[in-house]
Amino acid sequence: MPRLQRENFDVGKEICALTSKNQRTGAAVSFLGVVRDFSRGEDIEKLDFEHYPGMAEKQLEMLETKAMEKFDILDCLIIHRTGVITVNENIVLIIAISMHRRVAFRACEWMINTLKKNIPIWKKEFSTTGKYWVEDHP
Amino acid sequence: MPRLQRENFDVGKEICALTSKNQRTGAAVSFLGVVRDFSRGEDIEKLDFEHYPGMAEKQLEMLETKAMEKFDILDCLIIHRTGVITVNENIVLIIAISMHRRVAFRACEWMINTLKKNIPIWKKEFSTTGKYWVEDHP
Amino acid sequence: MVRVRFFASIKEKVGKSEIEAYISGSETVGVLMGRIADEYEVKREVLINDTLLYAVNHNHVKSDYLLKDGDEVAVLPPLSGG
Amino acid sequence: MVRVRFFASIKEKVGKSEIEAYISGSETVGVLMGRIADEYEVKREVLINDTLLYAVNHNHVKSDYLLKDGDEVAVLPPLSGG
């Protein structure tokens, strides 16, 4: 079950919880997105994440379900934070576990790419010169 | 600096230590290898990892250096355990951090693939029916 | 009657996070957007352009999707999660 | 004189983890392996086959690598780390 939450998460605890639930696990691939101090030539102070309540959760659930159907993985998990997040803090964590590593890499990368395209979440950047909604896909 | 160690490692702590050293970090991709309970049709009890002291450390250092040269990543880390490891325990952790996610995925997967080909480490499987050295690349 | 929700930059441009709108018979998302733009005096390009996505009842739809009474419509500016 | 180290399955087959061997003038890793097989009474295929890797002074080398006095040679069965 995906989670959309204000609080931070513990990366190691989440990976461990997933792998220890499934003794067949041979590989766990994770993607952690964190706030960079620099974006589009500007120094970043913080980000503010808005989401579409209801739809974001539903689409995240569909994303996990599709990943399980599309790839030969044992389990997966998506956690995305909302609200204000400062430099070097965690934004998003995606984990895929599998018997063999290749599919875990493919599934994890596919999930973060698809999340960026499909999940109704928006990021406002607060830089030293102003604030603006990010409206492209770097 | 890579590490070859008997003790377990804390996945979250290692990822965090790497990302917090570099404020430009936008993405951290990690690969965690754990002991599966099942391999080649047999139930596994434990693995025993032997390595070539001196050469394994040196080749792991070269692997990190090459990854830094080959991919646009900010940093990377390889930790591999030695000795006896039981089911569901950690074997190896590989982390790549970068500004943008794509290169971190490429670098992390390249490192684990290259580790399996080049680093003088050998795994003995102890199954319910016997023990044997693993001599292929699944 | 449908509920229409705006997010992020669109919300700031329209000046509202949600409105209610009557729909007449078989109306598409695109046609409704045109009417809303006129009524709320924003340029049509704000609500109708290639970078926007639309959703009805939490599912992604195209602008030719036919609305029915009670639908929740949403205008999604370019997504930037992750 | 060179030091020769064996690991994993090779160590078990040869029955030793390391030996010392004299080398005569310009001898390759492959030639040395043949001599060791004869001397320690293991089949040549144990020390010379396509699945093995060789290392000299901690670097991967091919079997035609020319040894010199003081080298540390290692016979590496198929690797299985990770």
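Labels for the chains are A, B, C and D, by order of writing; each one numbers its residues from 1.
The rule we apply is simple: a contact is a pair of C-beta atoms (placed from the backbone, for glycine too) under 8 Å apart; a residue touches a chain by one contact, two chains touch by 3 or more.
Everything numeric in this text was worked out from a predicted model, so none of it was measured.
Asks: Listed by label, which chains are in contact with subunit A and with subunit C?
Replies: The shared contacts of subunit A and subunit C amount to nothing, since no chain touches both.
Asks: State the remaining connectivity among chains, in groups separated by ' | ', when subunit B is set aside.
Replies: Groups after removing subunit B from the contact graph: A, C | D.
Asks: Suppose each chain is reduced to the average of its Cα coordinates; what separation in Å results between subunit B and subunit C?
Replies: Their C-alpha centroids are separated by 48 Å.
Asks: Could you give the separation in Å between the centres of subunit C and subunit D, each centre being the mean of its C-alpha atoms?
Replies: Roughly 72 Å separates the two chain centres.
Asks: Measure off the straight-line distance from the CA centroid of subunit A to the CA centroid of subunit B, and report it in whole Å.
Replies: 23
Asks: Could you pull out the residues of subunit D that touch at least 2 other chains?
Replies: none
Asks: By residue number and range, which residues of subunit B touch two or more other chains?
Replies: As it turns out, subunit B has residues touching two or more other chains at 33, 112.
Asks: Going by the touch rule stated at the top, which chains touch which?
Replies: Chain pairs that touch: A-B, A-C, B-D.
Asks: Touching residues of subunit A toward subunit C in the complex: what are they?
Replies: My answer: residues 33, 49-52, 54-56, 58-59, 80, 91-92, 112, 115-124, 133-137.
Asks: Quick check on the complex: what are the subunit C residues that touch subunit A?
Replies: 5, 7-9, 12, 51, 53, 55, 58, 60, 74, 76-82
Asks: Where on subunit B is subunit A touching in the complex?
Replies: 10-13, 15-16, 19-20, 23-38, 87-88, 99-101, 104-105, 108-109, 112, 138
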